[in-house]
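Okay, got some structures for you below.
Heads up, the next two complexes both have chain A, just with different partners, chain B and then chain C.
This part shows the complex of A and B:
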């Protein structure tokens, strides 16, 4: 994998790789190089399987991380490509023509993180949520607790145990 | 041989692109919902079918009936508090969630698992696979008019649930594989009782083979139906038995061995027709392999040794910034967890990669056009999808 990364780095301006364990590597990639890199990896280097496409919200850093996880089964290698998008106006490039199954991932990212993928099939159709008008719920600044307190009515007569305090009491009764 | 051909003389014309122009106003097309409450659907999902006579011209998968926002809930919980939630992502085979999450946390936190715990984890995962295949083969029998197979195999699955209860204390959600190892060793005499279950299972599987796989109706309705072109496997992310039924021996246990699979002796069953029959056959053969693996694991497992490493104080447990992906071969294909940590006491992001995500969405929508209404249920069941892992 080191040789492949060394081979690809000058051509696609890759960032410093992280060799997480034998068989799993992560590397940063720039948006304008992504498509060419994906095609190169798929067609020339055997990374034919798109394992997943997901996003990580780095709220404090003001950016989203898109992770494209690709697998080369014959070589037993998985490569994670990390692409950073501006959080204020997140816009990704669709890859549904490379892997048709990516359209589902992009539709989910559009709904859950509010990341736009222009040109992706049915990307604006509701996927999991129905009639959702609030902010995309998987963003870090969406407060699930506040949302449920506003949306649902507390049922009387139920005792609620705050998990952290309960666990502390159970594990360390002496304090 | 069945030779009836329906009269299609009044069907609308096909456009130049080979597809119908779907206009409901013409009265030539009809919308038909299969699910979310339908005997021919696997779990809480639905397929919106557009039909033209008895032929389906378009299908759209709808999910979200079971969305509980697990991935988001996990971000609000400490690493140890996440562990009782993960198994809920997939009801019929929850143990892969426990294993993948635990292994991901262990990798990022630098924790070693004791050898015996690895064997017990493999045992639990194979027991889960056994149950999942029992439901799957019973389900496909049920969907194609052989309900008795479903009843037999549900009984056998129940016997395995007894073993789960004995080992873990729970029947469905076991919460047994946690970061650092497993909660306990095997109870005394477990091997003997497991052998009784496996012997019973084999008897019922012999009967299933005679009743289901030699049945003329079952053959007629599955052979050549629901064909997936193996050329689509990579582009549509097809893994597991669905790929093995089309001649591609994809199996994470062999391709990228985890736990103790490199010490076990087994072959991956492969079929070549890539239709519903081939998928059912691959699962049946793989179930036989699973039974053999369960026996091997119990025979080869170390009799003594620790099953749990001591963890740091779990209330103040912080894991350095990092990310990893852990995968395993579930009964439906590649199951994986992508875990991102940021140095705090909470996960930054957990993403569950369930095989149904690709099989029941893009792939199913691609396969449905052109099928007969009556075959949609069999097609769906043959893909063996569990909707909770799509919407999480």
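This part shows the complex of A and C:
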């Protein structure tokens, strides 16, 4: 794997690799080099399988991370490509023509993170959220609790107690 | 427009009609994966009802409901889960402070009553309660740290020849890290004798709002700078963080707030009494934590308060008992300055009984409060305990603080295993180091190390400073010179090994192994086995008139004695501890104030 990374790094200006464990490596790639790198990996280096495509919301850094996980079955090697997008205007490039399954991942990322993949089939159709009008829910600034309280009816007969107030009431009512 | 294939494919599916289906006919009862997140289990004995599960739940699925009466460190509440809302994310399991909350791998359950899906795990019995499989948090306390930031302390070599403060206090970075470990459950508030709003001031640290922090501290405790250093911190013994890590360093966080507010700013924040003078006068005997807290509260209500103190400086045991390396005098003085700023007059060097009588105070005031502390050392009364060279720890500590010359021999033996024993041992060690360049102190304690009375850090630090601590040794005799020029003076302490301290009925009746005898060479033997109140100031008549309780002045729950004009509190009534004395002070002030208000009503 080290050899392959050494071979690819100057060609695609990759970042410093992280050799996570034998058989699993991560490396950063720039958006404009992604497509060429994916094709090279698929067609010349045996990474024929797209394991998954997912995202991480780095809220404090103002960016999304896309992770393309590729697998070379014959060599039992997995390579994760990490790519960063501006969080304010997140725009990815579709790769459904390289791996058709990518269309589904891209549709999910569009819905859950609000990352656009122009040209990806059915990308703007609802995926699992029906009638969603709020902020994409996997964004870290989405307030799950507030949404849940606003959206779902409270079942009657519920009552909660605050530990500190309960103890005061029972143990030292006068203090 | 469909293709031909779309039209024909439904018919081709018929070829599968005789094959075995791959779907399950009855999925109910099929076991889930070993680590599946199914219905919750709660070990209710382990659960302390801190409510962190409720706080973290992103679906408001959890209510804390009363199951038992609260007791120290346990709110008596337990989580009730509404499975109509639960999304099985397991954040509640991940945050659980005690590890009591887990999930079974059971996920199938049918019931026609929707309310059945709201229950208290561990309390409402369920078939999955005993299932071992399911989700447990991997590792301890995943969501918050296990350990406190390390407190910077002076190294033993640097501190042993002086009385400089040992503990440095937290930096901003350390304090924020520590504040972040607090889940703000508030279980500690009930245990604190003055019920300080601990989670609130910890939150103020996190926000960096030290003015607010100071304001919160002063709502319950005018001795926050003192308590930030020497409090017995009972709060930390019930902290939710202690079950899988170290309890939050509540005492050090309190100190951190005060360390970050200047004395001038503190006076501005606390302010002065905002009421008209009431014209009522209260005399307080003893300028210790109980007396001064009473004075602070009463002065802020507009009463004229005078505190009488026999020593040259205010502070009581905080000044004359606690050594300077644990509580610097200027820290104490800053707390007292705020109290003085309320208009409290502190008359030092005035001894009640000889300079002014209690009868005089009674005649000149609407109420008199006694906060006289425990300033007389108890004696072992073993043979030789009245010989020259035998000292009382509390008396020596006072003389060291007052700057009086105290004898410093090369060899000192201390009798006692409590914090006062450590205080005098470490003080004498410092004086020895200054005078001879070497430490020669031996502490002999009745208790064994497993049942030691002194705080663990006191013992550790004493040993670091070169003090020898011998556990389970009972004093038998102060050995004295039998002849020569020093005849009658102490030359050692003879002890036996302790087998047991209490008898079957729990009464104090030490048993010794007489064969295990040691004579500890010492030209000074210090008795540090407890203190009592000096009640001679009361005079014969009042002593007769007052009700007593086992040698202590008897008081009701508010600190009122059997005499209507006289209140008493603090160490002399409730035993030695600064924070309890502060709590007593508040109680005394409230009681006195209620009486003064009643008097004012009558006067109308």
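Convention: the second predicted complex is superposed on the first by the 157 of 175 C-alpha atoms of A that agree within 3 Å, B and C clash if a C-alpha of one lies under 4 Å from a C-alpha of the other, contacts with A are read in each partner's own complex, and residues count from 1 in each chain.
In this text, a contact is a pair of C-beta atoms (placed from the backbone, for glycine too) under 8 Å apart; a residue touches a chain by one contact, two chains touch by 3 or more.
Note that the structure is a prediction, hence the values are computed from the model and not measured.
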Which of chain B and chain C A:49 touches, first, second, both or neither: first
Message: Which chain, chain B or chain C, ends up touching more residues of chain A in the combined arrangement?
response: B
Task: Check whether A:158 is in contact with chain B, with chain C, with both or with neither, and answer first, second, both or neither.
output: second
Message: Under the stated touch criterion, which partner chain does A:24 make contact with: chain B (first), chain C (second), both, or neither?
response: first
- prompt: Between chain B (first) and chain C (second), which does A:100 come into contact with in this model arrangement: first, second, both, or neither?
  reply: first
- prompt: Taking the superposition as given, does A:145 touch the first partner, chain B, the second, chain C, both, or neither?
  reply: both
Task: Go through the superposed model and pick first if A:168 touches only chain B, second if only chain C, both, or neither.
output: both
Query: Both chain B and chain C touch chain A; at which residues?
result: 144-145, 163-164, 167-168, 171-172
Message: Quick check on the complex: what are the chain A residues that touch chain C?
response: 144-145, 148-149, 152, 154-155, 157-164, 166-168, 170-172, 175
- request: Over in the complex, which chain A residues touch chain B? Could you list them?
  value: 20-21, 23-24, 26, 48-52, 54-58, 67, 69, 73, 76, 78, 80, 98-101, 103-104, 126-130, 137-138, 140, 142, 144-145, 163-164, 167-168, 171-172
- request: Over in the complex, which chain B residues touch chain A? Could you list them?
  value: 63-64, 67, 69, 71-73, 75-78, 80-81, 107, 234-237, 239, 250, 255-256, 314-315, 322-325, 327, 334, 336, 338, 340, 348-349, 351, 353, 357-358, 361-363, 366, 391
Message: Touching residues of chain C toward chain A in the complex: what are they?
response: 49-51, 54, 57-60, 62-66, 69-71, 75-77, 82, 84-85, 114-115, 118, 185-187, 189-190, 195, 199
